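Shared between the two complexes below is chain A, which has chain B as its partner in the first and chain C in the second.
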Partner chain A sequence: MTGKMRELMSWELQESWSFPILELVLAVSIIQALTFQLIQPEDANILTSVSDPFWKSMLFLFAISAAVVFGRSFGESIEKRKMVVLLGYPVSRKGIFLSKFFANLFACVLVFGTVLLAEGVMAFLFEPRVAWAPHSGAWYSMNSIAPAIWGFMFLSLSLVVFFTSSLMSFLALATKRFGLSILVFLVFVFGLEYWTGTLSNAEPLAYLSLSRGPAAIVSYLSAAYYRTMGLGYMGTGITFGLFSTALCYLLIGAVALFVVSLLLLQRMDLD
Partner chain B sequence: MNLLRIGIVTLVVGLSLMVVTNMRALPIGTGLQGSYIGMFGPFLLEPRETIVVLRSVDPPTDLTLSVINQKFWNPNQNISQTVTAFSIGNLTQSDIVIFDVPSRGLYYVVLSNETGLSGQTSIRLDQRGFAPDLLWVSAALLFTGVITVAVQGIRILKTHKRPA
Partner chain C sequence: MNRGVIEIEKATKRFGKITALSDLSVVIDGKVNGLIGPNGAGKTTLLNVLLGLTRLDSGKARVLGLDVNGELSEIKKKVGFLPESPGFPTSFTGEGFLIKVARLRHIQEPRKRASEILNVVGLSHAGKRAIRTYSSGMYQRLGLAQAIIGDPELIVLDEPAANLDPIGRMDVLRVIDEYSKNRGVSFLLSTHILYEVEKSCDWVGLMEGGRVRESGSIDELIQKSSKQVFRIVVSDPKLFELRLKQSGFAESVEFDGDAVVAEFPEGFDVYGEVVALAKRLSVRVIDLRRVRLSLDDVFRRVLKAD
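Let's look at the complex of A and B:
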């Protein structure tokens, strides 16, 4: 990474995460994520009592954070002509986009990842439960896959944050307006959430939801890992089709919107 | 990030954890748990009031209830050689035991009689009240945040008052 990029990223972090944005995001995510209740830490219970509620309660926060941070970073900087000032420096448009996007993306993943880490510590996911089963007069221990479930949750979290960041960047650059881009973004995210909420669990389109989709990814990968480790069968109700719908939507959508956003900024007339 | 901002962030984290501590003080229970050998768990227990109700004991006999951290529990070992977090004897059906576990962790609840693990038993385990460890962590963060903000605030005020 060049010195200029590092400088731009540091400037971007100071701008986008200025008081009270970081404080608000931290406070709400701690309150939302750490109030889970778990007393029987079986693997299936971790999915229903820790993973599923995490996605439901954090969706609002992912959406609002992406809307405010990326909306200010791209929409507001075009609207208030800060982008024109930035382009006056000897740095390419690609450099500006990448430094702005990745500085905010890493900051979001860091904040939410830290909260997820705290949740994992509180739920003892890093000290897996040991269950004992009798066999031929002796007792044999079986470790749970709790650390792997946490790993899948972190992967899904990174994916959701990447998707919301790309979507908001695209809308901010397409509309060139902070307020309008936030409005379109929130209507899209919560409209989709409402619509997918009316669909049954067996319909692939239901997994376009930003809360149900990541939960399905974690459940499917956990069940597959459980099987692979020879621990038996874990019924989650998530088939390969439902899992791939959620994964492809988030991954392909995020990459496509990221590329389109980059092209938009490169070809945009800012004068 | 300057020291004032670090202080504000620490204060906000401490305050949020205090809210979390209050919200987590809600009672939580396992419901009725049955075992044909008297071994239950492991349960994720917090250092707050824990209530175990012996719902049924078959055959009816005096039992010892032991709460053992998962790290120290091995059913292949004799229970008398195990380090217990809490233990109480002479229990019969319908008895209620109230205790605090020493620290947050995964615990087995083991019911045993003179000959080893008991027969068919069922229990109900509940937890209620504030978790003091979480309360201490949030209070410490809150205090550190307040002190940092105050010290930095005074330092800024002094700098502004200093004549040019």
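Let's look at the complex of A and C:
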């Protein structure tokens, strides 16, 4: 990473995450995390007790945070002529886009990853029966502190944040307006949630949902992990087709929107 | 085409149905250059083209001998820019912002440089304050500071005195004067305030409808427009004004106090014909002299002619 990129990223972080944005995102994260369906000792299945409710509960947070952070970073900076000021310095449009995008993406993943970690700690505290030791069965168990499954959740979370970030960047650059881009984003995300909610679990299109899709990715990877480790069969109902629909939608969608956003900024006339 | 600070050749830029720049060709070669013109004349679009913010539909633009299309990064290293209504990061302190700009411009000792520049623009007392607490005048001074911090060869200022009180305006002119005379920096200003232009510019471009209608030094522009404008004091100004209008000698006739101010066509024998007309009307000519117009008059006349 060049010195200019580091400087631009630090500029972006200082500007986009200054008071009260970081504080607000953290506060909403904590409130959302507290509304979790807490794990009962007798019902310690990580997928049904932790993963599924996590995505349902946290989608609102991911969506709003990505909308605000990326909407401000791109839409508002064009609207309020901050982008024009930045482009007057010896930095390229590509450099500005990449530094803004990745600074905010890493910050979002860090904040939400911390929330996930906090959830893991809470799960551990609520499962006193599990003897926690480096080589204990907890590592391979189905119970709520199985670290590999938390790892899959983090992977899935990063993918959702990447997708929402790319989508919001695209909308902010296409509309050049903060408010309008947020409105379109929320209508799209929650409209899609409503529509996919009407579909059955067996339909691949149902996994375009930003809550059901990541949960399916975690379930499929967990089952594959158990199978590979020789720990037995885990019945999740997620086939490879459903898993790949969810994965490809998020990954290819995120990459495509990222590239289109970069091209939009590079070709944009700023007046 | 001559080599100038800025060279534009057959530049056209359209935004939908609006033509912002229309086949514009101009060489800007003064030390302090001013673009004046009404709203929508294309001044800001022209400045944006020079900084690569807006791309031309056709034509070429060169800044300090560098092509805007292929050598933009080199241009940005040599040019300081203050856009119209700039957006600065309001959560930063003034000093913190300038330090970051200095780092982006690879300036040695950015803290020291930021502190020096705050002093130059008269903001040293407010360097530690968040930009959000600045008044609009302080904000504009900060804009000037970020434009000059990199010791550029050319400084482009779009409405530099906007939001400034008279003292603030004088300070901007002082900085322009100091940097152009003592440091050899060239300037390109776009402004509505003709006083700023008259006070500081040695080259002026008068823009309208996406073109430069007139250009040159202020003296050249004024002399060119003043050539055939005369102030005539006669014993019966009302009668004389009426008959002068009826005669069709003058392109425009108007009162200025007790005198008649008239503009005659190129090559017209003003002294002979005016005196002859007065004689026919039995009116005594008390004073007849060429008028030196102000830049404001030139501006109005050029726009009126179109």
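Convention: the second predicted complex is superposed on the first by the 239 of 271 C-alpha atoms of A that agree within 3 Å, B and C clash if a C-alpha of one lies under 4 Å from a C-alpha of the other, contacts with A are read in each partner's own complex, and residues count from 1 in each chain.
In the analysis below, a contact is a pair of C-beta atoms (placed from the backbone, for glycine too) under 8 Å apart; a residue touches a chain by one contact, two chains touch by 3 or more.
Model, not experiment: these values are computed from the prediction.
Of the two partner chains, chain C is the only one that A:L8 touches; chain B does not reach it.
Residue contacts after overlaying the shared chain place A:F19 against chain B and chain C alike.
When the two complexes are overlaid on their common chain A, residue A:V84 makes contact with chain C while staying clear of chain B. Touch criterion not met for A:F240: it reaches neither chain B nor chain C. Chain A residues in contact with chain B (one complex) as well as with chain C (other complex) are 19.
Residues 19, 22-23, 26-27, 30-31, 34-35, 37-41, 122-124, 127, 129-132, 138-139, 141 of chain A touch chain B in their complex. Those residues of chain B that touch chain A in the complex are listed here as 5, 8-9, 12-13, 15-17, 19-20, 23-24, 26, 28-30, 39, 41-45, 70, 73-76, 104-106, 125, 127. By the touch rule above, chain A contacts chain C in their complex via residues 3-4, 7-8, 10-11, 14-15, 18-19, 77, 80-85, 87-92, 267, 269-271. The residues of chain C lying in touch with chain A in their complex are 15, 44-45, 48, 51-55, 73, 76-77, 79-89, 91-92, 100-101, 103-106, 146-147.
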